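Both complexes below contain chain A, partnered by chain B and then by chain C.
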Partner chain A sequence: MEVELKELLNDLQSLKKSISDPSHLALIDKMHLHAENIATLEKSGTTRRSKVKDMSAEVVDSNPYSRLMALQRMGIVKNYERIREFSVAIVGIGGVGSVAAEMLTRCGIGRLLLYDYDKVELANMNRLFFRPEQVGMTKTDAAVQTLSEINPDVMLESYTLNITTVQGFDTFMSSLTNKSFQPTMSGSGVDLVLSCVDNYEARMVVNQACNELNQTWMESGVSEDAVSGHIQLLIPGETACFACVPPLVVASGIDERTLKREGVCAASLPTTMGVVAGLLVQNTLKYLLKFGQVSRYLGYNALKDYFPTMEMKPNPQCSNAACLERQKEYILAKPTRDAAAKAKADMEALSAAENPVHADNEWNISVVDDELDGSDTRNSGVLPEGIVHELPVADEYLKPPNTEVVGPADDLEELRRQLEALNAD
Partner chain B sequence: MEVELKELLNDLQSLKKSISDPSHLALIDKMHLHAENIATLEKSGTTRRSKVKDMSAEVVDSNPYSRLMALQRMGIVKNYERIREFSVAIVGIGGVGSVAAEMLTRCGIGRLLLYDYDKVELANMNRLFFRPEQVGMTKTDAAVQTLSEINPDVMLESYTLNITTVQGFDTFMSSLTNKSFQPTMSGSGVDLVLSCVDNYEARMVVNQACNELNQTWMESGVSEDAVSGHIQLLIPGETACFACVPPLVVASGIDERTLKREGVCAASLPTTMGVVAGLLVQNTLKYLLKFGQVSRYLGYNALKDYFPTMEMKPNPQCSNAACLERQKEYILAKPTRDAAAKAKADMEALSAAENPVHADNEWNISVVDDELDGSDTRNSGVLPEGIVHELPVADEYLKPPNTEVVGPADDLEELRRQLEALNAD
Partner chain C sequence: MEGWDPNTKSTLTQIPLLTIKAGPRDGAAWTQRLKEEYKALIAYTSMNKSKDNDWFRISAANPEGTRWKGKCWYVHNLLKYEFDLQFDIPVTYPATAPELELPELDGKTEKMYRGGKICLTVHFKPLWAKNCPRFGIAHALCLGLAPWLAAEIPVLVDSGMIKHKDDVATSSET
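What follows is the complex of A and B.
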């Protein structure tokens, strides 16, 4: 549209030069004004919001980060602004990946790397994110268009390629190891890889890349009947990799494409995919910003609203050579890990002994002894009118059972056994 | 922009009439063409996809409903197309309500009623749905703009009003009882009300309206620290209403607005709100299309990925008069409910005895007796190469404990007691 407008303005200019009739000139000036108004309206529709240099916690309507910085005040996250330093790669920009990308973009993530080779179709409209007017665009282009409008602060890199081809895999690997965004970071060039693909072949490729690079990643998936899904954290050497406990279709070596039938497609729902994307990015935020418990595996059964969790240890007979290498390294690094954990615990114990937990006490909260006068202090008149306690008082506090800490020396024999098992392969 | 373009075209027309120089006329014709191209480009950006008369299950890229209709083939939903008959009202088009509206729109819901009085701000950009270029629009207008582009098949009604005012409540009630969309439906004019508001005052108003109209609704909420949320199903008379077990702030009669402090805002995350919206609309789909288990209460603790569930019975001492009326009706209708449940069970038993469960057996599945030759039939060579069973065979099947069915006659005394308790109020 920009080109058409420019041509129109040029034509008006040349017409104006060759005309002398004052009434005609007035009409041309009027048209010029209309054309400029159209240009302004068109522009206001594309440059949506300006970049923000620093994240501010100021509570004003014009601050796109106030509700996120409030996580610090609420005591959930220590330093929210660190999110700008992180790079996350999302493989597969479909029903889960596109929503995950939008969530991270709205959270103000530093850098997003997007990988897909598919195009937007009307058949995708039953899931969130893509819009009908984007039909025909590549998913990567459409995603960059929408995400850059939502938050221009996020650095977007898009790769329109298939990671399961030889050339695609090479580009995938080199993009993951590029450190120009954070030259000082250790490990690869990204902080996390999110797998949001819809087939096992691509998952095995992400698994291979992450095992080779010793890169932590998260897996996600939604079932063909659209009513269940899962997310999974994979830390090379520490947790099971995708090849450690492969799905039957992978283990049997069947080409999964031969299983598809003409005229049959998988079902999908914006609800299930939105929930899985939400759980995936929540786990990502917890992992990057260090709050809450990062889930190792979390399932979602929509029919029963059931959310199973589990842990999967690496398989010493894993078929993936890079996985076995990572397992060896993990076992060898155990003494170092134990020493670091002990030093941290000692430091925390020391600091807790020296400083009160809440030095400022903004809300003037003080602890009252339950046994002060033998009566129930909960009924001392602090409840608002009309409210009474429904439950009995002074439930006895249940002491946790004695737990025995296993020292690093105790399982040295076990460690040696594991290492020997791995070397035997 | 349309107005400006029209004026420009008019001006060109009148200029053309009063000019005779052929080179000038050629230039004007050229400008006319440019202006028309701009009009076409502008239009192609607004009419995104045409309406679809019937939902088709055909697997082609151009079918926006193929992945939803596939739910029938997968055996999840019996008649997906029924979704076009349903009306859902969403109160509050914020971080949860807007995403719920988008999910229902993409699912092809028949009719959506949207209520909000707020405007879009940059401070809302950390949640899904609204875009920076919509800042300053009312949330209802912005939602209608986006939703009608996504799916023109959905009938959208928007109400820019505050339901907690006297006039707002009147309009709210009359909109809920308007049956012009489905004149033959019983009850009110909507199938479900979704409460997606951020304060208790509005929740109490939705509760009042739904108790008066005997309207089933679902409640949703996200905590101020952004890391937990819940959804809840409320069936007047059958489950607890919002006043049966009120939150402390409601029960104590404190004006919650006095609790807010200058310069402090609630935290929010697109992840938590996306998950809550997803769970809410999933429960909505299960309720409307009759599949899976509809959850009565489902919590979400993001820090621990913990999802508590519970049931809440109505409170015979509830402060809401309409709730007490609905409780009485529910108790009185118990014999009718029991008879209907018995008739249904009898019918199902009869039909199961007459017909095989799977008459077509498309996949040629047959049942083999485990005890056929006393050996383990699971190791009979059907596994692909390289795969072995990890678990021992023939785990003994655990018989469910004997359960005693309580007949309608057994608890007649209890029923009478409950009714008397209600009448005593």
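What follows is the complex of A and C.
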């Protein structure tokens, strides 16, 4: 392209010299100008900005972080630059995950780990982020291509795998525990995991990994009819895990029977997915940079513009063993937590000492911790209006009557042979 | 189980239920679960054969029993349509069901996810969730794959999306 344009400019020059009729000169000059403009556009399209060492708050057009650092000046965020220390894993680079990745990239996040096994298709073009020329690429490769152009400061890792398979899960776990980015980190190697997958199976896998690693994560989802969605914060042991209660969905608010179920498995809208990605990353920024209130559950009903919120305590009878272990640890750590909270309150009281809110306490009124001690706070099953369970709870487990139809064989190899014998004819 | 035909219901009650809640990462417990899976599959396959309703073949494709491969078929207008069948046992099994794949039909029907995973959301997933850990591979085939084939294959054949192998052979000869 660049060479072609240079040739064109040269040709126009020689044409101008050779021409005798002066009435054509103006037209040639005009053509020359157009060609030069195209050349400049072409050049600016290919220039990639170089990496930035420190985030500057300087307000100049060339500073990619000036508007973000302004958050600090305005007192919203204490230390915005800390964002460069954080690692976030995004599982599922689809309609929500890809947009969340772009938002975090533009915010200057330190490191992003991207997981997906799918390829970009034309059918994805009703959503944001991916471009038609990326059709056929893996979603992870296409995302790295776009994101590294937007912000070369972000460290990107892509994993093209299916986390629900035994092998994929091993790689998933080891990538989450790799601490090479921040060797001093306690716990796993990432600060937060964002689940942006589109199915229950994959969510249960993220839940399993995070429960085992004691890793805080956020779940997100958009309904198959594209008109509702939700985000949820999950802190192992402290909040309900994804297996504690059957998955929750925001009811669409229209009669389910009138929904057309035939045909396609899922509908999608760039709007709903963009809104959910926005809510998810907003909650992520609040969680990482410690500002505002981090939502535990936030639903979105697009038909009624209704945003239900709620909190869920862990289920002491949860079917997930790792969840139960985290619950036990959380209860054991209560004294430490209380002491820390008290120290924090004391500090705040000290700084506010000059101006006590209540100088005397005639009636001995004190604020008591309303946090109950775990075990008896089982979710009562009462959900806020507009939120429903997507799947039923497993029935009370009854020992089945002796249904052994096959003989006493209890050797795996023998059983395998028996099945193969049946398969043979 | 409302809305299921009496035939499927009676078949289902004869497939032995499983008792061990263990997945591929649970070591010895998984081996025990695998034995139960085999027993259920053996019972179901023998039952199908005795009722002249044989419709699948499935075997473990690795020693750990986490990957399965085989075939399934469906008879429509007296013609038999056969497809490759495969699936992985997910790490969160049996809390989540295996995702049954018919790779040859990938992209041919909307009731399928990428890679040929059949769409089971409405008719099967709630049942699986309700019956964890008693349902296994045999139950997934009986309640997930069989009704899917019965609903989808006639549509795919009638719309010309899939052709019987004899038709394909004749048309390529001429």
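Simple rule for what comes next: the second predicted complex is superposed on the first by the 288 of 425 C-alpha atoms of A that agree within 3 Å, B and C clash if a C-alpha of one lies under 4 Å from a C-alpha of the other, contacts with A are read in each partner's own complex, and residues count from 1 in each chain.
The working rule: a contact is a pair of C-beta atoms (placed from the backbone, for glycine too) under 8 Å apart; a residue touches a chain by one contact, two chains touch by 3 or more.
Because the structure is a prediction, the values reported are computed rather than measured.
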First, second, both or neither for A:D225, with chain B first and chain C second: first
Per-residue touch tally on chain A - higher for chain B or for chain C: B
Touched partner set for A:R131, first chain B, second chain C, both or neither: first
Contacts of A:D118 with chain B and chain C, given as first, second, both or neither: second
Touching partner for A:S14 - first (chain B), second (chain C), both, neither: first
Touching partner for A:G292 - first (chain B), second (chain C), both, neither: first
Touched partner set for A:R73, first chain B, second chain C, both or neither: first
Which of chain B and chain C A:I365 touches, first, second, both or neither: neither
Partner chain in contact with A:Q418 - chain B first, chain C second, else both or neither: second
Doubly contacted chain A residues - partners chain C and chain B: 224, 263-265
Touch list for chain A against partner chain C, complex: 118, 162, 164-166, 169, 199-201, 204-205, 207-208, 224, 243, 246, 261, 263-265, 319-320, 391-395, 397, 399-400, 403-406, 410, 412, 415-416, 418-420, 422-423
Contact set on chain B toward chain A in their complex: 1, 4-5, 7-8, 11-12, 14-15, 18-19, 23-24, 27-28, 30-31, 34-35, 37-38, 41-42, 44-45, 48-49, 59-68, 70-71, 73-76, 99, 102-103, 106-108, 121-123, 125-128, 131-133, 135, 149-151, 224-227, 248, 251-254, 263-272, 274-275, 277-279, 281-283, 285-286, 291-293, 295, 298, 302-305, 307, 309, 384-387
Chain A partner contacts - residues on chain C that touch it in the complex: 14, 16-17, 19, 21, 24-25, 31, 34-35, 38-39, 41-43, 45-46, 49, 57-60, 64, 66, 70, 88-92, 95-97, 99, 110-114, 119, 121-122, 125-126, 129-134
